[in-house]
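In the two complexes that follow, chain A is the common piece, with chain B as its partner first and chain C second.
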Partner chain A sequence: MLKNPLLKEAQAKIEAGVQDRDAFSRIVQAGQKVMYDQATFAELAKGLKDAKDPVTEIAEGMIGILGILYKQSRKTMPIPPMVLAGMALLLDALDFAERAGLVKIGKAELNKATTHYLNSLLPKFGLTPEKMDGMLGQLGGTMKDPAKLAQIQGGQ
Partner chain B sequence: MGLLNSIGQGLSQAGYAAGDIFAKQAAAEQSSIMELERQKRLAEFQAELKNAPLKRYGAILKDEAGKDVTEPGKTEVIDAPSEFIGGENAGIENAKGLINTPPTTRKRTQDEAMTAANARAMQDDPEAYAEYESRIGKPLREERKIDEAAARSERDAKQRADAETRRAADAERKDATQRYIADLRSKDAEKRLEALIAKTGKSSDGTKEALNFIDGVRKDLANEASNLQRLYQADLKDKGKTAQAKIKAEYDPKFADISAKRQQIENDFSALREKVGLPASAPRAPAPAPKPAASGRPPLDSFFKK
Partner chain C sequence: MPVAAVAGAVFAGAELVAGGLTVFQTIAAVGAITAGVGAVTGDQDLMKIGGIAGLAGGVGMFAQNQGWLNSTQAVAESGSNTASFLGEAAPGVEQVSPTVDTGAAIQSASDAGNTAMTGDSLLAADLGETAGNITQGITQPAIPTNGLINTSPNANPMDMRLAAGTAGATKDTSIFQSIQKFADMLKDKDGKYDKNLLSIGANFVGGFFDDKKKAETDYYKSRTASEDAQRSNANAVPSFGLKVNTSKNIFPTSAGTYNPTRVGLINAR
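Up next is the complex of A and B:
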């Protein structure tokens, strides 16, 4: 599905860290359904094409979509798979934007998008990297360790 | 009992396995549906991105077209009757003054809006301007150029055809003149004129056309005589008496020929005029009377011996 090799590699690493695979898959599918729905997409595209910084705009868009899903689940959605599914959706959206010719995604752009995503998302759920530690297991450790985070973001 | 348990366990595992297969199938189907939607949105978005600069140019144009243009009022000098003055100098006095008309506001014309939009887009959104230029501006100008070239080509062709028609008419007239002049050798004037009338006649009997024709020939011959005279004068210039005599001898028959033709044409012209009930030839202006000498004395030539 993803064309960009850097994004593909990052996606494989995220999926490798998923514990609740079923929930993760369901959230990704639901997210894609929302994202590529004609009406929702029209709104996303509007913001995207006029954006001065499309990468940050995409990350913001993903947070918005996760918010919609979380609300629809009446706040019952499990947070750890949701955060990882959001990350997978973010990679999907970045790949989409690159294929559309809107932006070129390299390591810097990927780093910027994931950092913005995590920094904006976690406080919304009252989470800190420390609290995420236990919840996400491997990913929590990764988030606390900049070198490891860079490894995910850079696909190294 | 152990066997039944084993069978039950086996069936249960088979059920789970089947459920797992169905779940995987459903997920794969869902995934391919999503991929299809994604492709659709991608195509739409790519088209939207491609058209975005032109849409932005359109928005600029719309904005500029909606603006008003204020034209300054005109100041006009008037010189008009303004006041009636009584008394000794009764009359109407003309007063000079100025009429100031207020500024007027109107909507921009399409050309004005385009010019303003181009200038704004060039500065604020060069991408939109470039897109407009490549997709509309340049093709439009090319189209205009083609239209202009086609119109020019059509105009040139018409001019050529007109010139050709004129040339043919001139050639025909010249030919007819030559034939007529050649016919002048004929002594039978009546026959010659009949032939001419018959030749030139269209709707009527042709007399009027023949008159016009002869009139044209008269002018041609007058020109010919004038040209010959010029040539003669040029040839005579700076020549000795002997040479001049020789030249004169050379030119005399030509002058005589033209003179004879002119006389013949005059006769034909008069004959035709009589035929249609007009005086034989148009009355000529009387020669001017000799001016009396300034002192009131008789002119000098009255003293010459007669």
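Up next is the complex of A and C:
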């Protein structure tokens, strides 16, 4: 249970957007297990104490934990729910760090952690800005086709 | 090994090649996170970017299912051709002209004290020609002052941006910029967002993070409550007796008062 009301509210928003709830819950549970594992936790805590920018460090640490989970799943973990689960775990970690007195989490810190998390995570499994440019550029072109646009509007 | 460093090692080689659908699902997830956090922190930019990412993810999944988009792999191969996808010239394209460096140009660009022969000047010397002859009829481009090379017009737009010195493409890219570029595509000629397209996006992301669904639900609840109250009031009109005129009795009673039976009660929901 998160203590910070801001993080708590963000968690509720994130969970509201989850499509594959089963996978999401399993990844969050596995993540918490890894995160609070003695060895991992000691490593994370050490990194945080030495960190100049604890918020960024926590976001990076969370990506590391997702990496461990991804490895454990033999690279079969579905990525979309993993991205959401990672964010839920990040909120958890930020809350914990605040309770431990390592960092104060306000709106700016939450924004920073979120953007860093996404910007750092996505390219790691190949969704680079260049690739996104390509995909979204193609999609934008499709959406400018009136016939296809009509289908999109009718297809909802 | 620090935990953070694990990710780089583990994710290396992990590609979203399972299909474009996965990519768009992931973009939708990014939208969900960004819009959600933006709504909590009150960051308008994050909210907008999240909404656009939600739109891109939702419409992208639909378009992918329709087979309108190339495979992820194909896009990945041409992923850096951003400008061609956007249908606009990459910054710097207009500044690029065919480049055949002259020995003199290269010489002047090099360190003044450095007398080493460059490839082109060696070639010119070998052919017994002057640099001017080689470049006859070809416009001499300005010598780059940023240390970056000029490229041919057929080169990758990313390289052109490098050539133009607008190297933001490499040092300042983020997934949010990619989403913003997509958002810019949804603007009309006046630079405003196309409402039709945005309405699609709103429908895709509606109910996730904004209060639209909640507002709708609250409205219907209040409307129902209001109707219930009206119905209740109408049904609660007290019964009253009508005085019977015994000489001209039109009521089916011989009593002094006729109490009519209430009809037209409004049924409850």
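Operating definition for what follows: the second predicted complex is superposed on the first by the 127 of 156 C-alpha atoms of A that agree within 3 Å, B and C clash if a C-alpha of one lies under 4 Å from a C-alpha of the other, contacts with A are read in each partner's own complex, and residues count from 1 in each chain.
To be clear about the criterion, a residue touches a chain if its C-beta (ideal position, glycine included) is under 8 Å from a C-beta of that chain, and two chains touch if they have at least 3 such contacts.
Bear in mind that the values here come from a model prediction, so they are computed numbers and not experimental data.
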item	value
Partner chain in contact with A:Glu98 - chain B first, chain C second, else both or neither	neither
A:Lys49 touches, of chain B and chain C: first, second, both or neither?	first
First, second, both or neither for A:Leu84, with chain B first and chain C second	second
Contacts of A:Ser25 with chain B and chain C, given as first, second, both or neither	first
Chain B versus chain C as contact partner of A:Glu9, first or second or both or neither	second
Chain B versus chain C as contact partner of A:Lys33, first or second or both or neither	first
Touching partner for A:Lys71 - first (chain B), second (chain C), both, neither	second
Of chain B and chain C, the chain that contacts the larger number of chain A residues	C
Of chain C, residues touching chain A in the complex	2-12, 14-17, 20, 22-30, 32-43, 46, 56, 59-60, 62-63, 66, 68-70, 72, 75-76, 78-82, 84-87, 158, 173-179, 181-182, 185-186, 196-197, 200, 203-204, 208-209
In the complex with chain B, residue positions of chain A that touch it	1, 25, 29, 32-33, 36-38, 41, 45, 49, 92, 96, 99-102
Chain C partner contacts - residues on chain A that touch it in the complex	6, 9-10, 13-14, 16-19, 40, 43-44, 47, 57, 60-61, 63-68, 70-71, 75, 78-81, 83-84, 87, 107-108, 110-111, 114-115, 118-119, 121-144, 148-149, 151-153, 155-156
Partner chain A, residues of chain B touching it in the complex	27, 30-31, 34-35, 37-38, 40-42, 44-46, 48-49, 52
